[in-house]
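Here the chain labels run A, B, C and D in written order, and each chain numbers its own residues starting at 1.
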Amino acid sequence: MVGYAFMGRVHSQAWRSVAAVFDVPRPAMAVLSGRSAERTAEAADTLGWAAVETDWKRLIERDDVQIVDICTPGDSHAEIAIAALAAGKHVICEKPLANTVAEAEAMTAAAKEAAARGVRSMVAFNYRRVPAIALARRFVAEGRLGEIRHVRAQYLQDWIVDPEFPLVWRLQKDKAGSGALGDIGAHIIDTAQFIVGRNLTGVTALTETFVKERPLAEGSSGLVGQGGGGEKGEVTVDDAALFIGRFEGGALASFEATRFATGRKNALRIEINGSAGSLSFDFEAMNELWFYDAAESDAGFRRVLVTESDHPYVGAWWPPGHGLGYEHTFVHEVKDFLEAIAAGTDPTPSFEDGLQVQRVLAAVEESAAAGSRFTSVED
Amino acid sequence: MVGYAFMGRVHSQAWRSVAAVFDVPRPAMAVLSGRSAERTAEAADTLGWAAVETDWKRLIERDDVQIVDICTPGDSHAEIAIAALAAGKHVICEKPLANTVAEAEAMTAAAKEAAARGVRSMVAFNYRRVPAIALARRFVAEGRLGEIRHVRAQYLQDWIVDPEFPLVWRLQKDKAGSGALGDIGAHIIDTAQFIVGRNLTGVTALTETFVKERPLAEGSSGLVGQGGGGEKGEVTVDDAALFIGRFEGGALASFEATRFATGRKNALRIEINGSAGSLSFDFEAMNELWFYDAAESDAGFRRVLVTESDHPYVGAWWPPGHGLGYEHTFVHEVKDFLEAIAAGTDPTPSFEDGLQVQRVLAAVEESAAAGSRFTSVED
Amino acid sequence: MVGYAFMGRVHSQAWRSVAAVFDVPRPAMAVLSGRSAERTAEAADTLGWAAVETDWKRLIERDDVQIVDICTPGDSHAEIAIAALAAGKHVICEKPLANTVAEAEAMTAAAKEAAARGVRSMVAFNYRRVPAIALARRFVAEGRLGEIRHVRAQYLQDWIVDPEFPLVWRLQKDKAGSGALGDIGAHIIDTAQFIVGRNLTGVTALTETFVKERPLAEGSSGLVGQGGGGEKGEVTVDDAALFIGRFEGGALASFEATRFATGRKNALRIEINGSAGSLSFDFEAMNELWFYDAAESDAGFRRVLVTESDHPYVGAWWPPGHGLGYEHTFVHEVKDFLEAIAAGTDPTPSFEDGLQVQRVLAAVEESAAAGSRFTSVED
Amino acid sequence: MVGYAFMGRVHSQAWRSVAAVFDVPRPAMAVLSGRSAERTAEAADTLGWAAVETDWKRLIERDDVQIVDICTPGDSHAEIAIAALAAGKHVICEKPLANTVAEAEAMTAAAKEAAARGVRSMVAFNYRRVPAIALARRFVAEGRLGEIRHVRAQYLQDWIVDPEFPLVWRLQKDKAGSGALGDIGAHIIDTAQFIVGRNLTGVTALTETFVKERPLAEGSSGLVGQGGGGEKGEVTVDDAALFIGRFEGGALASFEATRFATGRKNALRIEINGSAGSLSFDFEAMNELWFYDAAESDAGFRRVLVTESDHPYVGAWWPPGHGLGYEHTFVHEVKDFLEAIAAGTDPTPSFEDGLQVQRVLAAVEESAAAGSRFTSVED
């Protein structure tokens, strides 16, 4: 695994737990890679990795490594993933797949070439593995919503409302690619397209950076050392991105990603209206899926507690009503990845799926830069 | 009162109740006007009007009429309102103020001229009089939300999801002006601007008509008589209208009005995020306002049951927890109107406020027609 | 109508509105009776009554009175109701029917005798007329819940949590009979029995008076004039009453009525579990009924917005999603009463139903006084 | 660890995860004990235990075992725990502590004796370690609720509503001690007393067994082999247990535990009303605590998402809004246990706390057997 910050920690939990819950081989947690020898060793000890490397290139050379899990910021994804695939390692890569469409295209090409050699790759859109979201997809696929008319998706957070919050790497375009758009907007784009089974075809967008300068962050960026003494740096990414648009098949989209929704902590919300029914979901209550079936008498949105044994992923865990948490989406993710490797099939979401999301992100940025002009998502 | 359909019925309830609850003079319910003598007489009897006229021009000539309440479709608002004001009658007019900006401008001019003579006018955006919405405005005005960053408003209904629902007047452009946009979109535009205390300055929009033809409706339109035998007519208004945009002061807007949100019956929903707090409201639970105060420890969205004696309008009604319903918004509306007349002041929302909403509607239509180009709201 | 306080006000709203909404004859609001000539005249003017009397005995002698509506405290119900029935007036009487079982028995006997003469009577348990509660009863009657196992009912208020709240008549046993038990406990007993269609057969109970002395209230009791200067009087009723028990047919009951549930304003809550489904209701969201149908796949409690035209009482009002409020339960009550009079049938709940509730209240008090011993409800 | 069924699985998850998240020594998962050699070996492999024993007596003799985790049915707790403590092993024991007060007393005596030797013991009431419940206790301790007046607790499940559900060990008195009462009633008794910081002093109770006979279960009881062919056996425990009662300090209690609440999957619900505020919690939404602060203007129950870094246990996990699940309560439990061992202090809840809960259970059974007579909880 490359990287041991937030994503590295939660991925480690997943690798550690997966074989105790699902019927997959127990993965050996071989090597953790990070730039600082000392801090990487400390993290490996805490998180349960057997060895450490300070250069990811050494990690992908090792014979005891079959899978490379990329948990670094987006600017390094392409280089690491392409090298790992070339070295014959299966790759699971955090989202967004890359910081640009060009990088994502290169990665997708590498993934296709590797797949021909039996080397698998997956982009880690973990929210697909929320049981309620997997159930939502099942409902749409079964036709229980009829023809889809509206997809309303929001990803609302509030962790940078305070203008004194520092200029961490996620607020720097060179590291993160974009702001709320790529970080959390990417999730709702992928999740919505996953549930509906269709892609966005065009968008009209607005983006905004509410707080344009922030205190330099200590230790979290290349800016470190320049800072101190209350110096500020420019925020080079969006704080919020909104777009409306159209899906294949004619459904209307209304999307919003923001880090300025005071009081919303991790509100990935999706509401879908079809001719026969509707769905509603909010990750802040992740074990619930709300479903409206227009065919029933005395209809109403019903709160399906997605903890039954016949719900996706859930049967392997606890009895009904004993809910899951955020980390379990990653357990499901690596379980599906391990199963695909064992079965010799290509897991989803593929790098190509990640590329498609990247193209939507690019269309949003292009539209926002061009007076909100309606912009097609390029194939 | 002119008109006795849905709006006429609920306005009648308001005129009948207002003086028993609020300290205003009891209005005499003098004359009801409608085209059909028989049906108007029947409605007058049921709703409690003392006399009837079959021509609204006669109604506004009568000496026993001081107030004219216009509850007709939008295409007749301008003519009736201007004539009534000219005749020295105070006018309360249903929304949207008119079907075009030009009509609304003429009405606004007439209202200003009448106001100089002490004749009052008001446009009936009743949702301003929901206690929870009036309380929301109070919170914003008091600064409890800080600087406003996001305004997210939706008006979701589902009454025409069925493609066999007939082509009633609300689905005809010549009668209704527009579809979901003017009917319910107008409400969220006014309500949001009312709460925030600032206006929308520009929008980028999409509109859609999902069901393009519908069975001709019997008795409800000029098309009657041509129909029967399963004939269909063209739907000439939007089924759904979405736009994103900007408010004065920089807040971002995300708005959606639709009649195709299966399972949402009258979901006028508004969520506002500010630097110090947030608000959330859904008319389907109209006695509740959700408020997040970022300053408090262990903060969370709290469900304020807006039924306390110090909440707007509520003190005159029942004890805490004994909620109000839809019709009471109209009681509050006529109470405020009667108080303004008695006090010799101009009530709000004024025709000018109605005109401003009309200009937003026009900008939405213009943007949607021009490839979603960002379109400024004209002054 | 006798009495013009809270109940008098809301009953007046009902009499005024009923004929505009439902197809019943418009009742003439003839005479209001109260002890103080001046204040009764003022109330009659505000509430729309044509005449006043200062002695209820004069009111029931009048020829222009066909219906007597009793909105006084419980200690006067028996005398007024029995006299009015004897005088051939139809009687609607506020709940609880009386302050003792003996009074209630006498009233019931009088009602039976009067019914033989075509004179009708009803006890005003208005919550039966909440559309959601009437729908709940329909669900149970249709067998959609299967065999009932649990009935969990709470009526939670908080208006006397403050120990400085004064000693109003509702806190005096001689006026009110009991405290939370008779005032709001009576409502959940009636409502639960109404929905389930079966009666409570026995209970084991606890009651408590948390604040045993309170400031004397000015103008609200016979204690007035003795008070002032911070004097206090004894609270002679319960602040809270809890009981568990059994229904006919074997369902278990858990009931609680309290005025000390801080933050709960008028939370009449009922949850019913049957072998095939469950229901849940809270008056603080009175337009919603939650229903769980165990037979459906991906089951969940669904929020039925009880505003559809095929829901009880609702068709006469507004379109779906345009909710009703507290006062409308009274409109439904007088509508049913007027219809029964017109049809020559006995309306429900009858005085006998009120007597049965009184017997449950008596059993609760008896059990609480006897070390919570299980106490049968006497027939 | 002794036992590898539901509790054994979730405890294994906890032992595996604890050191990666909290700053405690990584526990070596040494030995799993179970009666069947084959099935125990299989479970040990899946769950990550290094060795197996088929006799728990051998397990407690082993030198490589410092901690014994008892996950068996209640009838074996006393023997195993007392032996393990005698052997100098720290003991964590599943709840209820025992099947009888006498057993619990013996265990408590053994625990006290062991504590004098530095050997620690804890009863595994895991719900104390739900962050929201730990936060609730903090609120009460800080006085934010004022004087407590009402404690309303329910534990509602529905897994045996179907009369064809078989006669598993949890439905047999000799194995389980009691039914809903000891299984889930014990949890709400402990949780409520934990939050309030005071004990129940007396109760009046009802219990019921709705389905008195069930099909014999294969493989799950001593009855196995007698069964087959549709034979049935008697249910010897309660399906539901209800009681009302009093706490030290005068608060009123209303408690209910049932396995017949159709649609409620794991609804451990607690509502507490104090003179200054109220709390409400439902485990089906375990990351939320609802808090009402009567002192604030425009008060309302607020939904505190208990995922902030200053909330109990939460700081070690993920960012705000990224919720935890059921299993994490066990991680917190073993973390506290390991910390107490390391610090040389006695962890809570102690066996004595478990004994007190056992005495409440006994009082409930005694009251229910004696016509619901009010029964004191013995010291």
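Quick note on the criterion: a residue touches a chain if its C-beta (ideal position, glycine included) is under 8 Å from a C-beta of that chain, and two chains touch if they have at least 3 such contacts.
Quick caveat, the model's predicted, so the values are computed rather than measured.
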Most distant chain from chain C by Cα centroid: A
A-C compared against A-D, more contacting pairs: A-D
Centroid distance [mean C-alpha coordinates] between chain C and chain A, Å: 54
Distance between chain centroids, defined by C-alpha means - chain A, chain D (Å): 36
Residues of chain D engaged with two or more neighbouring chains: 264, 299-301, 305
Chain-level touch network, classified as line, ring, star, complete or other: complete
Complex interface listing, chain A residues touching chain D: 6, 9-10, 12-13, 16-17, 19-21, 26, 46-48, 157, 159, 264-267, 283-288, 305, 307, 317-328
Residue ranges of chain D in contact with chain B within the complex: 135, 139, 290-291, 296, 298-305, 308, 311
Chain D residues touching chain C - in the complex, by the definition given at the top: 145, 149-150, 152, 154, 156, 158, 161, 204-206, 208, 210, 240, 242-246, 250, 252, 254, 256, 258, 260-264, 273-278, 292, 294, 299-301, 371-374
